[in-house]
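Shared between the two complexes below is chain A, which has chain B as its partner in the first and chain C in the second.
After this line comes the complex of A and B, so read on.
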């Protein structure tokens, strides 16, 4: 079992581990898929260029699930990573072992946030558009973000300050002034709300984490209110449709011709395409492709895909209403503090269920910080403030 | 979801599923019925689509002619090449 898909030698400090969705010109980028096994990029991702320019060494490429949209990495071509019977994330394990100071990952469907919550690490999924996606393997372009994981909120803030910024090479990149605004820090929040609707199906130890975070905020002088906003539960359904549709389009480029895996046996061009894709793609990815294409079909486009896009706005407007009153929204990041191999063996598409807690930030592009096993969501460009609030939860302020 | 629609989606996506994978995909679609019901409960009759989560600032730029990579570099990860061309099976009979 290796946590690395590629490992650099003689790594200097400070160092950053990348997940294998982020392109590097000196190491292969596989996206956890047989399709891109040993694929070499011609260029570095913008985030990598910024890290190298700031003096950070790249420690290597951490294993990821196939195209990084699964539960916690279990769909990787190289197999799931398991420790003591529990599924673990390669990037988080490398951080916990002290082999890198921080991780920079592509958050497609919340797997890195789930892993951070279960590992006791801090992660930032920034406001969409504040960190360039140039040079990441595209999967769910309208919501995925280059994210940061570290042992502390301050280390996350440090790495975020390096990779944030406008990039003309990314058409969805925000302006330099907006990116700069996302760095602003804060003291304690005045008012935080917990969305009770998300606590219905979580384990007792997850509820304990929520209670501990509430107590920490109250001790810091914040008012914490528990409220019900059932509309937000629809974020998962909308995100499942949108990310699957985008994934289906994005992986259509892999045909076994220009780069990537090619089947050994085929009788013509159609069989070359079909056999290459069939042999290279895993079961979860095939399922997502079929689902995504069905949501975009003539029969379903308006009923399903268009409906999801309109629901996305409903969710975003609901958050805007909340942020008129509250500084941050507190949610669980996971339903349980560990996943087992048996769970994903029994239900290979568990990522479509467990993303209930991560989908609200994914579908709206809002920043989300995972700390102390819980998730905070704030208004757009409140990334730095959320990291300040995270210090209250983790006790870094004390 | 029917077997007939699933076969059409396989063809469209250049995939050939095993019987076990087909069963799994059918079960997946059944599970997504709950998602559909959830969306149905949201009134979107007066709501605009939200394609971009943040306002897009830069969508066009000046065309600049450049040649950043050589043919050899671009074909470095190709499964099969011959004298600078990508090789594919005969497509015209």
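After this line comes the complex of A and C, so read on.
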């Protein structure tokens, strides 16, 4: 069991650990899949180029679940990582051990946010389009973001300020001025709301975290209101449809023809495809491919996929209404403070359920900061402000 | 019973942009070594994101406007998924929901007269690569040079009813798209490819019959043969119940002269179209739209009419020149300099086009500067340069487009001088060398004079007015 898929020698400080979805030309990028075992990219991701140029050492590549969309990393080709009976995330464990100062990861379906909530770390899933996705293994392109995890909100802000920026190589990249605006910090929020609908199925210790965050905001002079917005619960269904469809399409390129794993025995092209993919892909990925393939079929497109696209717009409008009144929305990031192997053994696609809390930010592209075990969501480009609010929750000194 | 054939075409045309549709690789790899025009993006490696080549949208709009289409001011790209080894990402980026151009009309002319063919839509998309089968090793290799080369697919309504109309339609598309310089449209080069949808119904019926599709036809002759074969097969099936027609994709075997149903496995499938989240919708604002619209040439028949009516060219000459936009532009520039349209047209047809033919160049490959051609024509018509030397200068101008005809004539001793002393001296020497010819001429053999005339002209390097030389020659012989 190793937290590293690749580890650099003699790493100087400051150092950043990348998750294995971020392409590097000097280390393999496996995406946690047997399919890309020892795959070497011809180029660095834009975020990596920026980190290197700013003097950060790359400490290595942290293990990830297969294509990084699972619960917390349990679907990795190398096996699930377990500490004290809990499933853990490699990037967060490396940070907790002090072997790197920050982690830069691809947040596909919230696993990074869940892991940082459970490890007591701070993470930022930035506003979609503020950090270039050039050089990340594509899974759910319409929502996934290059994200930052660190022990403190200020460290997240520091790393974010390095990797943020317009990139002509990414057609969804926001303008330089928009990217710059995302860095603006703030003092305390005036008004925060907690969406009660998301508290129905969470454990008591998660509720405690929410209460603690509310108390911290109130102490800092903010008004905290508990409100019900049941529409937002539909974010999960919409996101599950969209991300599975995009995933299915994006992983189709791994067919055993050009690079990556190829089955040893096959006769003809159809068997080459089938055997290579059958042998190289894990159970959860195959499940997601089947979900995605179904949602995009001609029969289902309008009643499933198109409906999910429309739901995405409705959720975004709902958030816009909320942000007319509140500076931030407070949600749990997880339903429980620890996951076990038994839970996943019982339901291997638990990530499709537990992403109830992360899907709202994934599906809308809004920034989300996890701090003190809870999640904050703010309006587009409020990334820096959310990190400032996070310091109130964590009690981080200025 | 009498039957009519109903045909709709899907024509793929490779756009003549310098680079591919979503990366900066060169789009021109005809005849290049395999996999020399590829990058991580167009070979489907993870991590590269598509960046739309604006030129492709320009060309898509131009094609749409040339075919009288409406342009969608917001046009989007979608993914079409299928597995084939020549498709590296296992999806093709195309336009499914909002193609660049819709609702067009193309006018064609056949022996039955003029007819409009409606265009359903034109969409932009990326090409796939090529599979190369190695018989010796019994393996198949993949060449990605052609992946992501920009294409447009022109989808017609089922408005065509014969092989003749199909030929006229394809010729018209080629003519219009070449005129706008958006595509080469050369079936032999694969820059124009065609799928034929065909059905047959009783004449006068408004119900469509069972439709079959023949894919990737690559010569007009093959298309014509395939249409005739399919029509006969459909009628035979309807009349004599030889087989039950089913909607299917068929492969045309041009050598055997037959079509064959493709295995259903090759054609069945759901392409799972969905909007490409990595390509933002392309918004065509008024400024962009107008700049494209104003860059388009007049239609060839408009130019032809203008040449005939305003410039007084014969319809033959006007038709010849309007075969290519490059010829038109060269002609118009030359005419602007000389002010004599007929003279400029003569030079275009008898000199410029014959040099292009001799050099096996297409008319579109003409790079000659029309203004320089105009100057050359003036030099010849005002007698400064002899016609034969004029042709030599023209050939030099083909080799080096920077050449000024006047300077070239001067530096190469091609300026006509009517120095009678020099001409008389030359004639005298030539006569002295050819007593036999002189005698023949005196005995009534007019032709004998030409040998001496030619020798003199050569000696004078063509720099002499032919009429002056002839007069001096005849006078001197008569005085003998």
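As a convention for this text, the second predicted complex is superposed on the first by the 396 of 398 C-alpha atoms of A that agree within 3 Å, B and C clash if a C-alpha of one lies under 4 Å from a C-alpha of the other, contacts with A are read in each partner's own complex, and residues count from 1 in each chain.
Please note the rule applied: a contact is a pair of C-beta atoms (placed from the backbone, for glycine too) under 8 Å apart; a residue touches a chain by one contact, two chains touch by 3 or more.
None of these values were measured; they are calculated from a predicted model.
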item: Touched partner set for A:217, first chain B, second chain C, both or neither; value: neither
item: Touching partner for A:326 - first (chain B), second (chain C), both, neither; value: neither
item: First, second, both or neither for A:42, with chain B first and chain C second; value: both
item: Chain B versus chain C as contact partner of A:357, first or second or both or neither; value: neither
item: Contact breadth on chain A, by residue count: chain C or chain B; value: B
item: First, second, both or neither for A:133, with chain B first and chain C second; value: second
item: Which superposed partner A:293 touches (first chain B, second chain C, both, neither); value: both
item: Touched partner set for A:253, first chain B, second chain C, both or neither; value: second
item: Touching partner for A:23 - first (chain B), second (chain C), both, neither; value: second
item: Partner chain in contact with A:269 - chain B first, chain C second, else both or neither; value: both
item: Common ground on chain A, meaning residues reached by chain C in one complex and by chain B in the other; value: 42, 142, 168, 171-172, 248, 252, 255, 257-259, 269, 273, 293, 309
item: Footprint of chain A on chain B - complex, ascending; value: 1, 5-6, 9-10, 12-17, 21, 24-25, 28-29, 31-32, 34-36, 38-39, 41-42, 44, 47-54, 56-59, 61, 68-69, 73-74, 76-80, 86, 88-91
item: Chain B-facing residues of chain A, complex; value: 38-40, 42, 127-129, 142-143, 166, 168, 171-175, 231, 233-234, 236-238, 240-241, 248, 252, 255-262, 266-270, 272-275, 277-278, 281, 283, 286-287, 289-291, 293-294, 304, 306-314, 316, 348-349, 352-353, 363-365, 380
item: Chain C-facing residues of chain A, complex; value: 23, 29, 31, 36, 41-43, 45, 133-138, 141-142, 168-172, 245-246, 248-249, 252-253, 255, 257-259, 269, 273, 293, 296-298, 301, 305, 309
item: Chain A-facing residues of chain C, complex; value: 40, 43-52, 79, 81, 83, 85, 88-91, 142, 270, 272-275, 277-280
